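Chain lettering (A, B, C and D) follows the sequence in which the chains are written, and residue indices restart at 1 in each chain.
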Amino acid sequence: MRHASLVNREVDPATVLSAVRDSRCGAVSMFVGTVRDVNEGRRVSGIDYSAYIEMAQAEMDQILAEAEERFGVRSIAVEHRLGSLAIGDVSIVIAAAHEHRSPALDATRFVIEQVKVRVPIWKLEQYDDGVSEWVDPARHTGVTGA
Amino acid sequence: MRHASLVNREVDPATVLSAVRDSRCGAVSMFVGTVRDVNEGRRVSGIDYSAYIEMAQAEMDQILAEAEERFGVRSIAVEHRLGSLAIGDVSIVIAAAHEHRSPALDATRFVIEQVKVRVPIWKLEQYDDGVSEWVDPARHTGVTGA
Amino acid sequence: MSTVTVQLFASYAESFGETTLQISIPTGSTVRDLIARIRLLPGATVLPDSPRVAVNRKFALPEQQLGLGDEIALIPPVAGG
Amino acid sequence: MSTVTVQLFASYAESFGETTLQISIPTGSTVRDLIARIRLLPGATVLPDSPRVAVNRKFALPEQQLGLGDEIALIPPVAGG
């Protein structure tokens, strides 16, 4: 099972987890990204996520295919939410299942790292003072975002 | 939040995930271990988990404290189920929340690796042919279990 | 000469005030040539030294030649996850 | 001499046919001394070269001295997770 999607509704980690579970697999690793209340020292009130949807879909499909190839995961999924998210809302869920723990954990890390560098998705961060700004991870100290 | 427990009921990943979520944290990493249908080439029908409960609790508490110290996670939890588990049942859930993804992922891996080597829990594996055997990870090729 | 359509997103769309640009370039132009033309437009100050360009939904190298009917987009710094 | 109670679990409990052992050892004995005594019992073939011992719910080194009232357990190879 390989499943990548961009959605305009809430992402439910439990649903994604169920989708990758498999009786052949002893290990499922999951990553859940959520909207933080503070980024780079500024109080955040919400984030608008937008994407070049067709390319983002293609890149996410490709990343999962690479993860399967590299780590031999039995099933792997990523769901990314778009639109207006509030503090605490889930923006992304990644889940990977393997017979053994190490490849499951490695695959999850691989997918989130790859998403961060090559999937065309953007964040317009809204601050408590009414200002909003496009997030550019490279402009900061490398610690922006999850 | 730091929470370690041994339970005699089903472990629900979604509940553990909710317990560690925190608006200061952009990243939650989770590991879910389940009972596989095949181990070392033999068809498994179920596993009985038992423990030296008082020490297992103390070791799990200690492992989480070490994970907090090493990775700075905001909240971290582990739940391990004991008793008779069937194929696909969840045996362990680990979840760690941090502002950023890397320490959350590192902490999860640290906890599962430590649980595997120092928490006094044992598996009596039941096979389809009616035989049962105590699992000794060191006796095999190092790939036993999740 | 031919005219290509370039999709813009996020901070780039904001800076150029458009979600697409129509750019006239000689046949056989590369991604690098296209960027050089785009730099002449108002709003181009938003572009970094080496802006990422996608052709047909894949990141393209500067020397890649553009063809008729290619789907072209300028990709601002990504921030998914 | 004093008598200590040693808890057994899993494969060890099965091999010794007991969940606890009562062992008489001289005052000042160490974990290593205790293991040497236990090796004399039927069922001890299950023990590896260096069995892990917990004293007061912590893994103990072979040279650790045992005290009155210590909670002692032999720990078979663990397989949690």
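Following the convention adopted for this analysis, a residue touches a chain if its C-beta (ideal position, glycine included) is under 8 Å from a C-beta of that chain, and two chains touch if they have at least 3 such contacts.
Predicted model, so just to flag it, every value in this text is computed and none were measured.
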| item | value |
| --- | --- |
| Relative to chain B, chain with the most remote C-alpha centre | C |
| Interchain centroid distance [CA atoms averaged], chain A/chain C, Å | 26 |
| Inter-centroid spacing, chain D versus chain C (mean Cα positions, whole Å) | 72 |
| Between chain B and chain C, centroid-to-centroid distance (C-alpha), Å | 48 |
| For chain D, residues that touch 2 or more chains besides their own | 81 |
| Chain B: positions in contact with at least two other chains | 33, 101, 112, 145-146 |
| Which pairs of chains touch, using the document's own definition | A-B, A-C, B-D |
| Residues on chain B engaged by chain A in the complex (per definition of touch) | 13-14, 17, 21, 23-38, 87-88, 99-101, 104-105, 108-109, 112, 143, 145-146 |
| Partner chain B, residues of chain D touching it in the complex | 7, 9-11, 14, 54, 57-59, 73, 75-81 |
| Parts of chain A lying in touch with chain C, wherever the complex brings them together | 33, 49-52, 54-56, 58-59, 80, 91-92, 112, 115-124, 134-139, 144-146 |
